[in-house]
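Next come the structures, one after another.
Look for subunit A in each of the two complexes below; its partner is subunit B in the first and subunit C in the second.
Up next is the complex of A and B:
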């Protein structure tokens, strides 16, 4: 029993962490928290099921297609909901514009794909019981994504440009970095990461339109707790959240598990609004 | 011109626009409520249902509007409170926990429960930033539905519970309709009263100029809690009515789409308006009815509307129907201060008081922004604070006004210790200030902006303002008169009813001074008031500052214009690297060797 709690806890936690990283990737270049992060995860699952189950494509073809599809959605987010808002004086409008776009994505999916959860195929058919692929696949994907991002940010020129923009937008532009192109690229990257989350967690979460808001919320918890922009913090907080949620699920039942998760989220945030691993606030006057 | 006629003038000026404004503001409300009165003659029960639903939604939205549209808190999960109100009313009326009570009493009880939970849902807003708060309310919305589903003994779980039925004459469709429209009208009045009181102005100030709001003595947590109580109670009452309209409720009835409808109604209507969100609510309630084939796309339509509004029409419906915004302004207008008018605003202070800083030190990391500073500002004098960039001038102002807490030293005001921090208490100590970049509410008129500065003088309670009791009216009138006197003295009285975002930069600087004067300060801190002003305007500004100090107010003036400093200051302190480099009369400073070489140049 304990083993299965740990397995499913780590697996869902890894999916939450990946959505958290999606949030962070978009935030890094634009200072925008986008409600579409969870929808990208949801779309990853829906695209996977559409390509493999409905169209019958092999997973090696379906995965790049799903990544491309979500990357495209990421770019659309940048064009429709982020860029116009960054131009306006009231930057908080991004909360509304990304919320609007997230709702539109969800509603279109509900109408075109259906409101019932649909199955997601087995990808590799490796393992059974607590070592089933549906449990270890998300964890492995999460570790892989973090390692790849670390490599990107620390070892490559493009990655360093991302960091430069995240650290100081004005200075980066003064240095001649193509800020707008890099922002579009980071939204495409975020889309792909979201797709990976949905794809890897597909067997666990199924292809279901209502996963969008769910992932938006549970994916945000690791970001809030781990500190905005901190991918490693998001991974640790995400895995902890998954374990806590599954344990609470087993001990007190589903409804009170979500109440427990929510209470912890609120209490921790009220105590440490910057997150447990976050940086201090900027000056106001 | 004598000072008597000066004092009499402001009143004459405000009467006319205020009255016109009142009729103009009420007119749009007449249309929907007149329609609501004639609707029963259609005797079409389908219309009764739709109109009742719109009225119920508006009961909730009218409260939420103060949270979202005025205070700018992005509460997207208000369906949580609707659900709570619906279940509380139904459970109390059905009596499956306690003995059954009459439906109307149950509705009132739900309002009380909603008031409490309104605060619970809103509390995170006191600590969290926009997106975080939005997420927190979203979480509440999910949880309340799940609890309703799980708590079968009370809520009936997924099977549900029947909603309350109201006694005659409210038991027929049109009877119930009249009850709902009546409550909606009452809520409209209450929320409009709050919106047009000092509480409403303070809410907008928190939204658009939080720092200036604090300096004007507005304490955000207290104000927000009052508004959360109000909005929570209305939302829960709406829930009780909603349950009765549905006749039978299950957790499925409270979808997140409803939250979105409420939230988007406000944004489509326009922030900081009452009529806009009212029209928005009616529009969004009717939209799916008119476009029946699109019913399943309704959420998509709402979201698309939201996106269009946010990107293309940030003012919403209210912005579109507000014609005053587009009136032409005189292009060669001048700021013409009338210091004589100060007399009817500022009390003449005769006793000598001083604001002193002793050995203040403040470090940011390794940077010593202020390094053992001593400073004494005397009442009735103009004290100049000059120095190169980064010498700690603005930081000193921020320490005095409580935004920064120094690591060492002490401050006194009239001999008594002045505690560090707590910027919202400075106004009460008689310390007012302006800012290097004007902090203003662009969507409010100039006079409303100035009245924000007088928030501290208000004595009426939230309830009095909500019910528009006589004391509230008297106070509002006095406040408006003061604001006119303040505008008259700084010289922009002709712009009183213009939206602040249409003003020129120099006019905004004078408006900030007018706002600071509203608190009748004993000490006024001015942070580079002459920046961006023309030479003429600087001269007039100098006369205004001198006149203010002649009333007995002590002025601490941070400035880079050396001419202004040497013209009007009684005493000058020169800072360099957080330390006092020199101090004395302007004549001493002008010839001080180090000052000349470090700062003035020579």
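Up next is the complex of A and C:
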């Protein structure tokens, strides 16, 4: 039972963590919490199944296509749901615009793809039992994404430009950084990360239109617990969330597991409102 | 006596009024089509049943019209796509009653829509046949014009319980439902029924259908000593995950329950075909083949007649047969009552005794508008689909 809790908990936790990182990547350059993050994860699974099962493409071709497809959806999000409301961030209109776009994505997927879950093929066909690839693939992908983002943000000029915009948008623009282009790029990057979450977790979650709200919901928890904008915090909180949720599933059952998860979530936020690894926001005086 | 201009105008208006209101009507009524409204969720999330029913509806209408119609009047099927949306179903119902002036309505095909339109049909005194399973949809006092052409949820539950207790002869049962309103209600009713019949419900759970791993609940059911699992969910994803988990646990407990467990989608979602064995879903005797692969003769006659005209490979036979039965029943009601008056149609249906339809043998009375015989609700081998029919589950004769 313990092995099952760990394997399944880490796998779902890694998917939540990747969605949390998707939230963070979009937030970094726009200060917008885009609720399309979960839909990008859902689309990763749907695109993967479409390309591999329906079109019969090999996984090495399907993966880049899924990443491209979700990156395009990320860019569309920036154009349609984020850019028009950036001038009035204090009114939080982005909640409405990104939620509306998320609903549209879900409805279009339901109509075009169908409302029944559809199979996602085995990618590498390695492992069985608790060592099955459906458990370790999301974890490996999560670690890989964190390492790649660390490299991007710390070792490349583009990554540093992302951080500059995240730190101080006005100062970065004053220095001549192309803020709008970088924001579009960050939304494309977020789309690709969301696609990876859905693709790596496809064997676990299947290609199912209703995964979107689930991922948006549980992917938000690591962001809040780990600290807004903190990818390492999101990863740790996501994995912890998955383990706790799966343990609660075993101990108290499915419906009560959600209650247990959100009870702990509220208690943690009461104790540390800025998240476990987040810094307290400085107030300008 | 002098005839004034006013007298001429009044007289003329009277003649015109008489012509418009009364005189030509009998001739028109005898030749106008019999309009049957068909509330069908032809698109949207729950469109599969309506697409199947629709095939039967049109086969029946075409056959009746080719044979000269109903008392010489052709049948006109007026379809409105409700998309499974109760609001659209309400609008379509109101349009059918007040603008299209239909004579009877078949549908809707899902309970959510039917809950919304049944009071409207009752107010409009519209004869209504539908195949929706929620028990409260049939109430001869509240909805005196509504008749159910398919089993109710209670009849499904009876069939599942009887199969577990009398044929599988198990006593320790686990009951699963999903977390939707339907899943919770159906699981509660199932637990109550099993306990009432002396079964030991060793474990019960409502499971989120999107939960990726079903091991926790399956493990608890196994540890509790379950000898059969009764499952009430419309989610094929949840069903397939449960079957895969059972195989991974090396457990051969039988699953018994909701018809969704026999959906073709599950064949694509299980890790291997063997994982779908020992799964028994609600089915119907009329649409089940025996160990020799033979369907009942009456059903085979329908299949032989519609072969080549109707695609059966991608639907369920009971949907096609149910749609066929609905239209032929309305036609017989109009012939028997001598017209399209709603009270005449309802009176005929209230006296229907063992009418041999293709989907079932229907009986209605003034106090019982559930027309499908409980004994014809049986369990099917879930993985045995063949042209919309299923193999009878082991244990039936």
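In this text, the second predicted complex is superposed on the first by the 278 of 285 C-alpha atoms of A that agree within 3 Å, B and C clash if a C-alpha of one lies under 4 Å from a C-alpha of the other, contacts with A are read in each partner's own complex, and residues count from 1 in each chain.
Definition applied: a contact is a pair of C-beta atoms (placed from the backbone, for glycine too) under 8 Å apart; a residue touches a chain by one contact, two chains touch by 3 or more.
What you see is a predicted model, and the numbers here were worked out from it, not measured in a lab.
By the touch criterion defined above, A:258 lies against subunit B and subunit C together after alignment on the C-alpha atoms of chain A. Of the two partner chains placed by the overlay, neither subunit B nor subunit C lies in contact with A:243.
When the shared chain is aligned, no partner comes close enough to touch A:152: not subunit B, not subunit C. By the document's definition of touching, neither partner reaches A:268: not subunit B, not subunit C. In the overlay built on the shared chain, the residue A:4 is in contact with subunit C alone; subunit B does not reach it. For subunit A, the partner with contacts to more residues, out of subunit B and subunit C, is B. In the superposition on chain A, A:95 makes contact with subunit B only, not with subunit C. Of the two partner chains placed by superposition, A:68 touches none, neither subunit B nor subunit C. When both complexes are aligned on chain A by C-alpha atoms, subunit A residues 111, 253-255, 258 touch subunit B in the first and subunit C in the second.
Contact residues on subunit B toward subunit A in their complex (touch as defined above): 72, 74, 76, 123-124, 127-132, 134-136, 138-140, 142-143, 146-147, 149-150, 210-211, 256, 260, 267, 296-297, 299-300, 302-304, 306-307, 310-311, 314, 394, 398, 403-404, 435.
On the side of subunit A, the complex with subunit C involves touching residues 1, 4, 8, 11-12, 110-111, 115-119, 129, 201, 204-206, 208, 210-211, 214, 246, 249-250, 253-255, 258.
Interface residues of subunit C facing subunit A in the complex, by the touch rule stated above, are 44-46, 179, 205-213, 215-217, 219-220, 235-237, 240, 248, 263, 265, 268-269.
Against subunit B, the residues of subunit A that register as touching in their complex are 33, 80-81, 84-85, 88, 90, 92-93, 95-97, 99-101, 103-104, 106-108, 111, 213, 216-217, 220, 224, 253-256, 258-259, 262, 265-266, 269-270, 273, 284-285.
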